[in-house]
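Below are two complexes that have subunit A in common, paired first with subunit B and then with subunit C.
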Partner chain A sequence: MGANGHHESFPWKHIIGFLLSLVLTFAALWVALSSGLPLKAVIVIIVLFAIIQASLQLFMFMHVNESDSGKVQTFNMVYSFFIAVVVVAGSIWVMQFVL
Partner chain B sequence: MGEAAHRYEETLPLEYRTQESRLNILGFWIFLGAEVALFATLFATYLVLFQRTGSGPTAGELFEVKDVLIETLLLLTSSFTCGLAIFEMRRGRMSGLIAWLLVTLLLGAGFITFEIREFIHYVHEGATMQTSAFLSSFFVLVGTHGAHVSVGIGWMILIIIQLLQRGLTAKTARKVFIVSLYWHFLDVVWIFIFTLVYLLGMVI
Partner chain C sequence: MKWSEFFVTGEPLIYAADVAIVLTMVGIVFVLTYFKKWKWLWNEWLTTVDHKKIGVMYIICAVLMLFRGGVDALLMRAQLTAPNMKFLDAQHYNEIFTTHGTIMILFMAMPFIIGLMNIVVPLQIGARDVAFPYLNALSFWLFFFGALLFNISFVIGGSPDAGWTAYFPLAGNEFSHGVGNNYYAVALQISGIGTLMTGINFLVTILKMRAPGMTLMRMPMFTWTILITCVLIIFAFPVLTVALALMTFDRLFDTQFFTMANGGMSMLWANLFWIWGHPEVYIVILPAFGIFSEVVSTFAGKRLFGYKAMVGSIVGIAFLSFIVWVHHFFTMGAGPAVNSAFSITTMAIAIPTGVKIFNWLFTLRKGKIRFTTAMLWSLAFIPNFVIGGVTGVMLAMAAADYQYHNSYFLIAHFHYVLIAGTVFACFAGLHYWYPKMFGHILNERLGKWTFWLFMIGFNICFFPMYFLGLMGMTRRMYTYSDGLGWTPLNVVATVGAVLMGIGFIVLCYNIYYSARYGERDMTGDPWNGRTLEWATASPPVHYNFPVTPVVEDLDAYWVMKKKYGGFHVKEEDLKPIHMPSNSGRPFWMSVAFFVAGFGLVFKWFALAIVGALFIVLGLILRSFEDDDGYYIPVDEIKRMERAARKGA
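Showing the complex of A and B:
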């Protein structure tokens, strides 16, 4: 149980999450616009940064894994992201033969 | 309820103390899962169509780094301040909670202002929803997110009014917590819009 009466006096988790999000945002911007890497590498890196930053939001800010139903909530979100990847990657893959 | 179960509930944060609240929060997570699926379909449409620009401008010609970065930083910071509001709520500090919620609202309103200005700017350049498949899917995806942020602003204002009227109770705490989940989720979606729409559009 992460959510109990005991509470920290300073929001370290939030501040670390916020600073890491800022670093990832600017890092993605630099990789995309100034790094000069090949296109495929750029896409892989910025998508990876986005997934890390989304996870930071879910765990550091939204406390997805706290409470008695933490496991169900986490599984629910992981499953919904799986659906998202199937829909997005599947559509791009199928439509490249059509368009 | 048994004595032990009751004593256990007393150790939980205010928003988790009744079974109804716990189920409301779990239910809201399931709703967010459905929202992920909704945005996935819009992202899929956009990513399939974004190079179909017809006679209109391309993503690279249209997007400007500075405007996108301002919107991103406003929404990211608002997600952070919303987290601080919940932190204050769990310390039982009503004034801190309201103050951070108000900061969150201001940042959210700033985000929407910049987004509307961006859309107006595009339309003035002749880039409307009807111009090309790229722009149709762009306005639907980013506009749906913007509509969600607008709803979130209205929702949060109502919650603040309830807090002022009824004080911090198990019920109002649960409502604040759920609107905070919604708000953080909007930033999660924006991270992917920033990456897959704006960054990708400026690279390709």
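Showing the complex of A and C:
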């Protein structure tokens, strides 16, 4: 697909992305407000939903892998995520003995 | 504040430096005025956005900083030559080892590498400039004024004195009262911003501006190492930025991030510093590997052996470099699980590095080796770096590190990797690409003198330090008592340091000698090179390539020479060339950074705010600027091409 976009077909991707986003948002709302799960479980589940929704939007709406630099962009995000985990989780682990 | 507190007083050495600085400044102003060069300086250099000129300025600064850091080193060696020396007192010694380390890493190695990459990378990929030329100028001037701010500390206000690692709580207000460590925090911040911009700039340049046909796997090895270095810069430098910002808050506004009292966590500084610091050492060593790859391949007359394995191992090293940082503080007490994990990742780095060493050796095998100066540095690199690497694996063993930690064994190790790696590479690259920078060749005879003096001096200086470390001499001690048995080896080390100093003087003389009598390079390809930078004139015309070259394989220029007898340009193919305009704003914005930084160092907040306002003004002016550069007409290109090829 070109950078300026073609409009020959129905935007299925956007519709599906939109519906899934709605489902995920309401699911998160339900889990938090009326599922009755323990607090820790609620936090884990809604964080997971958030990550799924963020990646969904990146691919469905923001076409992260479709431009000429798609590979670079994807690599960039995965690597950023890796570094963020290393820095944050690594620091907490390393500094555990003084915490 | 009194003037006697503002200026550093009481040391004859400092007064001598004061006089030297004033005389140098008067001299520069006089020469510029006498020869009516102010306008030339402004138009040709201070406002330039040409990557080659920016690279040359980086290298000039790096050589000056090598002088400064080298003088620091010689002062330290003088003090340590004999037991109970009274040459420097403890405080002065602390300041000198701190500035030596900081300057050598951040204001010598970094700009030398960045200078070479500025000059070479756009030429190697067949581009006319970097992706963001204006940003590139800003990067340079931020580095320059950061370095200037750091360097004035020894005559104004006092130098930082807590080591180049500036560990808390020593570097905090609780133990360091003067402005010295403020200089550290602010000056590194300013030049760090410049480095971060350079990383982004070259990443985009390499990904987006390669000549047609140059796929990633056809890029010259130096460009590959720079690409990965940029990734390291982009991911590592923000950690330094944040750590320095917290340090600045702690020192200026009495926050308690790293303090002993009030729930501060002083060890977190060491942790953050090395999360940046370990990738940082790979930021200065990976480009060195790239330079050696180019030089070895050119002067062995062979394609680089194991190109794909080389690329793989650079990527591997870059990945591992982010997960080894704890080996800098095994003794902090994080426990066996943490130490073992980081011990293993650290040892793992030896594997891709070993792959690279064997690739260079196999490139040399059956090659027709030409022993030029650049090649000598590269050949000397291999055994010397291996000594540094192997002792690195010894240090990587956490249990054993409790013996080696912060001893002279460590000092010897990291000088063996940083000098034999980065500094040898800088000299190799300087000799190799000198014709591209200035149009003449650095004298080979003098170059070889520098090489032998420096290389032998380096080994005489640092090899004894391994044994001094094992004998119990620790890092950063300003003197030692008689009867410990350390004196003979310390005398030997000082002799080596003096030899290195003489080598540096010969290099400086060589630069002068070659400028006057050096052999002009009329061909643009003095070494029978393999990559695209040799397809241009020496020095290249400011637009680099009259038409964009088309790349058919790895070693693009070599292929062109074999297939078509060179890089030929037909005059009818010429089209107007789009080039970026010069701008004075990066310069004065960086001056504003300097003023703001100076204000912060002395807690003169009014001055800091004035500087900050000018920074914002610069950003606003740039945002509303409507300058898309200019076109060079075809006739002008024809004229310039003929002039360049004639060597005029």
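In this text, the second predicted complex is superposed on the first by the 72 of 99 C-alpha atoms of A that agree within 3 Å, B and C clash if a C-alpha of one lies under 4 Å from a C-alpha of the other, contacts with A are read in each partner's own complex, and residues count from 1 in each chain.
The rule is short, and it goes like this: contacts are C-beta pairs under 8 Å (C-beta built on N, C-alpha and C of every residue); 3 or more make two chains touch, one makes a residue touch a chain.
All of these numbers come straight from a predicted model, not from anything done at the bench.
Asker: Touching A:45, do we find subunit B (first), subunit C (second), both, or neither?
Answerer: Neither partner.
Asker: Check whether A:87 is in contact with subunit B, with subunit C, with both or with neither, and answer first, second, both or neither.
Answerer: Both partners, subunit B and subunit C.
Asker: Given the touch rule stated above, what does A:27 touch, subunit B (first), subunit C (second), both, or neither?
Answerer: A:27: touches no partner chain.
Asker: Look at the residues of subunit A and decide whether subunit B or subunit C touches more of them.
Answerer: For subunit A, the partner with the higher number of touched residues is B.
Asker: Applying the touch criterion given at the start, work out whether A:67 contacts subunit B, subunit C, both or neither, answering first, second, both or neither.
Answerer: first
Asker: Mind working out whether A:79 is in touch with subunit B, subunit C, both or neither, as first, second, both or neither?
Answerer: After superposing on A, A:79 lies in contact with both subunit B and subunit C.
Asker: Once chain A of both complexes is superposed, is A:97 in touch with subunit B (first), subunit C (second), both, or neither?
Answerer: After superposition on chain A, A:97 lies in contact with subunit C alone.
Asker: Taking the stated contact definition, name every residue in subunit A that is touched by subunit B in one complex and by subunit C in the other, in rising order.
Answerer: In the superposed arrangement, which is not itself an observed complex, subunit A uses residues 69, 72, 79-80, 83, 87, 90-91, 95 for both subunit B and subunit C.
Asker: Flag every residue of subunit C that touches subunit A in the complex, lowest number first.
Answerer: 207, 231, 235, 239, 265, 267-268, 271-272, 275, 322-323, 326, 333-335, 338
Asker: Tell me, which parts of subunit B touch subunit A in their complex?
Answerer: Touching subunit A: residues 10-13, 16, 22, 25-26, 29-30, 32-34, 36-37, 39-41, 43-45, 47-48, 52, 65, 69, 72-73, 76-77, 79-80, 82-84, 87, 90-91, 180-181, 184-185, 187-188, 191-192, 194-196, 199-200, 202-204 of subunit B.
Asker: Please output the residues of subunit A touching subunit B within their complex, sorted ascending.
Answerer: 3-5, 7, 9, 11, 14, 17-18, 21-22, 25, 28-29, 32-33, 39, 42-43, 46-47, 49-50, 53-54, 57-58, 60-62, 64, 67-69, 72-73, 76-77, 79-81, 83-85, 87-88, 90-92, 95, 99
Asker: Could you please specify the touching residues of subunit A with respect to subunit C in the complex?
Answerer: Subunit A residues touching subunit C: 69, 72, 79-80, 83, 86-87, 90-91, 93-98.
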